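By written order: A, B, C and D. Residues from 1 in each chain.
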Amino acid sequence: MSAIAFIGLGQMGAPMASNLLKQGHQLQVFDVNPEAAQALVAKGAQAATTPADAAIDAEFVITMLPNGDLVRAVLFGENGVCQRLSREALVIDMSTIHPLQTDKLIAEMAERGFSMMDVPVGRTSDHAIAGTLLLLAGGTPSQVERATPVLMAMGSELINAGGPGMGIRVKLINNYMSIALNALSAEAAVLCEALGLSFDVALKVMSGTPAGKGHFTTSWPNKVLKGDLSPAFMIDLAHKDLGIALDVANQLHVPMPLGAASREVYNQARAAGRGREDWTAILEQVRASAGLNHTR
Amino acid sequence: MSAIAFIGLGQMGAPMASNLLKQGHQLQVFDVNPEAAQALVAKGAQAATTPADAAIDAEFVITMLPNGDLVRAVLFGENGVCQRLSREALVIDMSTIHPLQTDKLIAEMAERGFSMMDVPVGRTSDHAIAGTLLLLAGGTPSQVERATPVLMAMGSELINAGGPGMGIRVKLINNYMSIALNALSAEAAVLCEALGLSFDVALKVMSGTPAGKGHFTTSWPNKVLKGDLSPAFMIDLAHKDLGIALDVANQLHVPMPLGAASREVYNQARAAGRGREDWTAILEQVRASAGLNHTR
Amino acid sequence: MSAIAFIGLGQMGAPMASNLLKQGHQLQVFDVNPEAAQALVAKGAQAATTPADAAIDAEFVITMLPNGDLVRAVLFGENGVCQRLSREALVIDMSTIHPLQTDKLIAEMAERGFSMMDVPVGRTSDHAIAGTLLLLAGGTPSQVERATPVLMAMGSELINAGGPGMGIRVKLINNYMSIALNALSAEAAVLCEALGLSFDVALKVMSGTPAGKGHFTTSWPNKVLKGDLSPAFMIDLAHKDLGIALDVANQLHVPMPLGAASREVYNQARAAGRGREDWTAILEQVRASAGLNHTR
Amino acid sequence: MSAIAFIGLGQMGAPMASNLLKQGHQLQVFDVNPEAAQALVAKGAQAATTPADAAIDAEFVITMLPNGDLVRAVLFGENGVCQRLSREALVIDMSTIHPLQTDKLIAEMAERGFSMMDVPVGRTSDHAIAGTLLLLAGGTPSQVERATPVLMAMGSELINAGGPGMGIRVKLINNYMSIALNALSAEAAVLCEALGLSFDVALKVMSGTPAGKGHFTTSWPNKVLKGDLSPAFMIDLAHKDLGIALDVANQLHVPMPLGAASREVYNQARAAGRGREDWTAILEQVRASAGLNHTR
């Protein structure tokens, strides 16, 4: 069992710390709200008066905070962790913050001789309580190996994201995709309603197509991801269908800003000479617009 | 077995007609390209010289054409189907056209005493050849019942879309969702690449979340679709994460027009007082922006 | 004075026809609404029972109709103009329709041996009454010359748009720019309000900059339009300022979809290596995204 | 003449400081680059070794720095201005930074008993050299009055923006409008080129309409700004014209993301029941989407 400093005892942090205690770890906890710390003391933790205080003799320091500026303050600020941190300890930031800030924090910690990794979590506060969080581990192989027993006290699944800063990156990608997809899904559902079509019928149809299953594992693997852009469904036709959908939506007064933006992406793909390529070539189009060269 | 007129023998129509012949139906076929018709004659069809000619004595008239203007011309134009169509016959338009045009065609046919339904198809030309198309049947219950034996000669799955014009509607929704999602997926994948993150890792994570599984069957059913907007994940937080993703993307030169548009949808949701509602309340936000009232 | 057929006597057409009468022209008028025609008869016109009827002996046929399908029906339909049109006559379509439809109509008229030009109008129905419309003349030099005396009975300013179909094109560009600019202006004004800034102060400042004066005659002529992309104001800085504006707008709950879309255009310009070019290089960026080559 | 500390001697700051010297002010200058300071010493300034050092005995402290974090560091950091600043002095931040950061800096200065105002500048480095900058003064009336003689040594026009933080706000609005308008103008110009229309003809037409003159002083004052939404040009028609423009642009492969976004704004206006209102009602629509109530 390990000596762990746990900083940040909010809706997620408190149950996570609680699960560490249950597994027999020794915890020194800190939160700006002293009551939050006291609740953990009742479960066997020791309360620290500052982040620096919590870090004394800790093998692991876990931070679970609302944003990167707070992580920075907890590490480097007055009475911050670094003032009492052992160079043998491993700092695990489990907060969801800006990835480029994560990179900078890890680099600054390294300059001072400290070891830090990023392990943001997936799922909800219910999973935090149950100890079944998804752990997205960014770090060197040895950091991940060392942290795993501690982390698995809080979660049921650990994904090694492939290196320092990669945990927070995969969290960002996942959240981007799911949050934007939510808005796109709403456009489709509202157009469905405006068309007087049963949503159950639409779901039934979409459950068998990329509309419901996504493209990553259906249309892409055998086409664009293999470099095969011969058309199963041409960009020209996809563009035409988007035009019809937007025309209908504008007649029915359904604003579809994501749909309108996507039509212009297909428009640009056609301008780039991709009209007769497979619709999955949109990936290559977006890569080109990002200035990425055409080989992978 | 039935007497069927089949009009439009392109990449999809030709194998569909072929499968009808294999099942023993009698076909009179027409295409603007006489060679296309001759290929079917070799398989047992009779070639007609005009759509009107094809329609003589037909129990069913199937149209499979590139756009709605052509369907209109084939039905109502010079030497069009209507000139020789029996009032007992059923016209089945299997083309993918503008839904409001479908409505108009069905209404105009009805005015003249003719029966017409819409049955666009899903899947690819390979499925057309194999007779395994997805059939999206729009029509009255009796139309769907009557057409089913004929339709099932061309496809392996028939979904009753719920009424006249609903076949073409569900096709539109499905295509809208899948085509726009393709562009959104490309943004996420390119951001992933620009972040130096393994796409396989991203896929692994997303395969267990709405990012990969969609929202329709994961986050929505127990929340917004039930009218429960208490936050599992707040719109305020989703908006914040989108802001981080766009900030990173703009630092890394990854244009994300759909992401940018979606951020403004969340922005508007917050302006409407929904910041502390569940992120699935975006559906209600989009409904409101479409002028739909708040009850379902 | 000329013999003129005038077809379409709505809010704009009626006063335009009236002004032609005042100048001494002989008018045969037609409208689907017979009362509209009678009002002109009271002013000296002759009422025709069909478009064909109106066209008899006409030197000029003027159409002023709500959309291109109606223009097509009036020209080519049953009892349409072409049935009685002299090959010496000049058809002037003054409607605002789809430019590619205009091209097609002119071409089809030419195939039949008829001469047609496009002269949509600018300004309002008040100007139609006063005879002070802006006339946007598309046509060959001889068409424009021939039509000018007739046109100037209805307007006070005639701009030769440079050839057949160019009248309707310049109308489209003008309307596109002014209508989209209206939405962009609203975003700026609402951000101003949300920031608690006096709109009068904002106007005062913008009246001296491209924000108020536009770019066409201020920032562009000496830079991008001359091929000089050395930075007076760098794209990188413009992109940064847009990012600040959107960040503020998102904090203040002001949705700015046009601003968000424009940031991604600058983002793409930076991805294309234009970050240190002058901001007017956005024109070259948009040209490139439209597949236009880099020389003018 | 005054004793002035000038901090930040870049492309803008150096000539501004130079002009202060020419007017006879006494300058203590600081820049992270000592050479930049030496160039001013040659013109009569005294070089300071830190911002604190520069602030000794200063009546005015002027900061001209690349971003708000630097302004913060210069004021509050180690050897920062506040360590030696007199409570009688006036700090004038002329940098272009985030307005909400400006507010915070002014508030924190006030908490410490210091007086600070924001006066960002308009125009270019050429104007900085000539002493003809546009000065956008944010501050209390007495701050503005006190600073004016000093400011006018650097610029030729001073606009009182109406209070603390308003200088930086009006700069933001102006830059937002001009930068986004640049992208919109490019869309119109490229559509013009793709249509084969002379840009000179388009300019000639637009120079007389809101497309070229903007809406703030043309279409808005007598309509929406007066509360008159009776239609001179209906939102329904504006929406229709946008649809035509986008249809043409998509046929011609001209991507117009701002145009596409604006169409959805009009779409939403129609959904909100504004279709038959004047197009300037878009301002009210955007206000409503920002959650601003309908009275001004």
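Definition applied: contacts are C-beta pairs under 8 Å (C-beta built on N, C-alpha and C of every residue); 3 or more make two chains touch, one makes a residue touch a chain.
All figures in this text were calculated on a predicted structure; none of them were measured in a lab.
Colleague: Would you pick out the chains that touch subunit C and also touch subunit D?
Modeller: Touches both subunit C and subunit D: A, B.
Colleague: Over half of the interface residue numbers used by both subunit A and subunit D, so same, or under half, so different?
Modeller: Subunit A and subunit D contact each other through largely matching residue numbers.
Colleague: How many Å are there between the centre of subunit B and the centre of subunit D, using C-alpha atoms for each centre?
Modeller: Here subunit B and subunit D have centroids separated by 48 Å.
Colleague: Centre to centre, by mean C-alpha position, how many angstrom separate subunit B and subunit C?
Modeller: Using C-alpha averages as centres, the distance is 35 Å.
Colleague: If you average the CA atoms of subunit A and of subunit B, how many Å lie between those two points?
Modeller: Averaging C-alpha atoms per chain gives centres 32 Å apart.
Colleague: Provide the list of subunit B residues touching at least two other chains, using ranges where the numbers run on.
Modeller: 247, 253-255, 257, 260-261, 264-265, 268, 271, 289-291
Colleague: Draw the chains as points, connect those that touch, then say whether the picture is a line, ring, star, complete or other.
Modeller: If you draw each chain as a dot and join those that touch, every dot ends up joined to every other.
Colleague: Okay, in this complex, where on subunit D does subunit B touch?
Modeller: Touching subunit B: residues 257, 261, 268, 271-273, 289-291 of subunit D.
Colleague: Enumerate the contact residues on subunit B facing subunit C in the complex.
Modeller: Per the stated touch rule, the residues are 239, 243, 247, 249-250, 253-257, 260-261, 263-265, 267-268, 270-271.
Colleague: List the residues on subunit C that touch subunit D in their complex, please.
Modeller: Spelled out, the residues of subunit C in touch with subunit D are 96, 98-100, 122, 124, 134, 136, 159-162, 166, 169-198, 201-217, 219-220, 232-233, 238, 241-242, 244-245, 247-248, 251-255, 257-262, 264-266, 279-280, 282-283, 285-287, 289-292.
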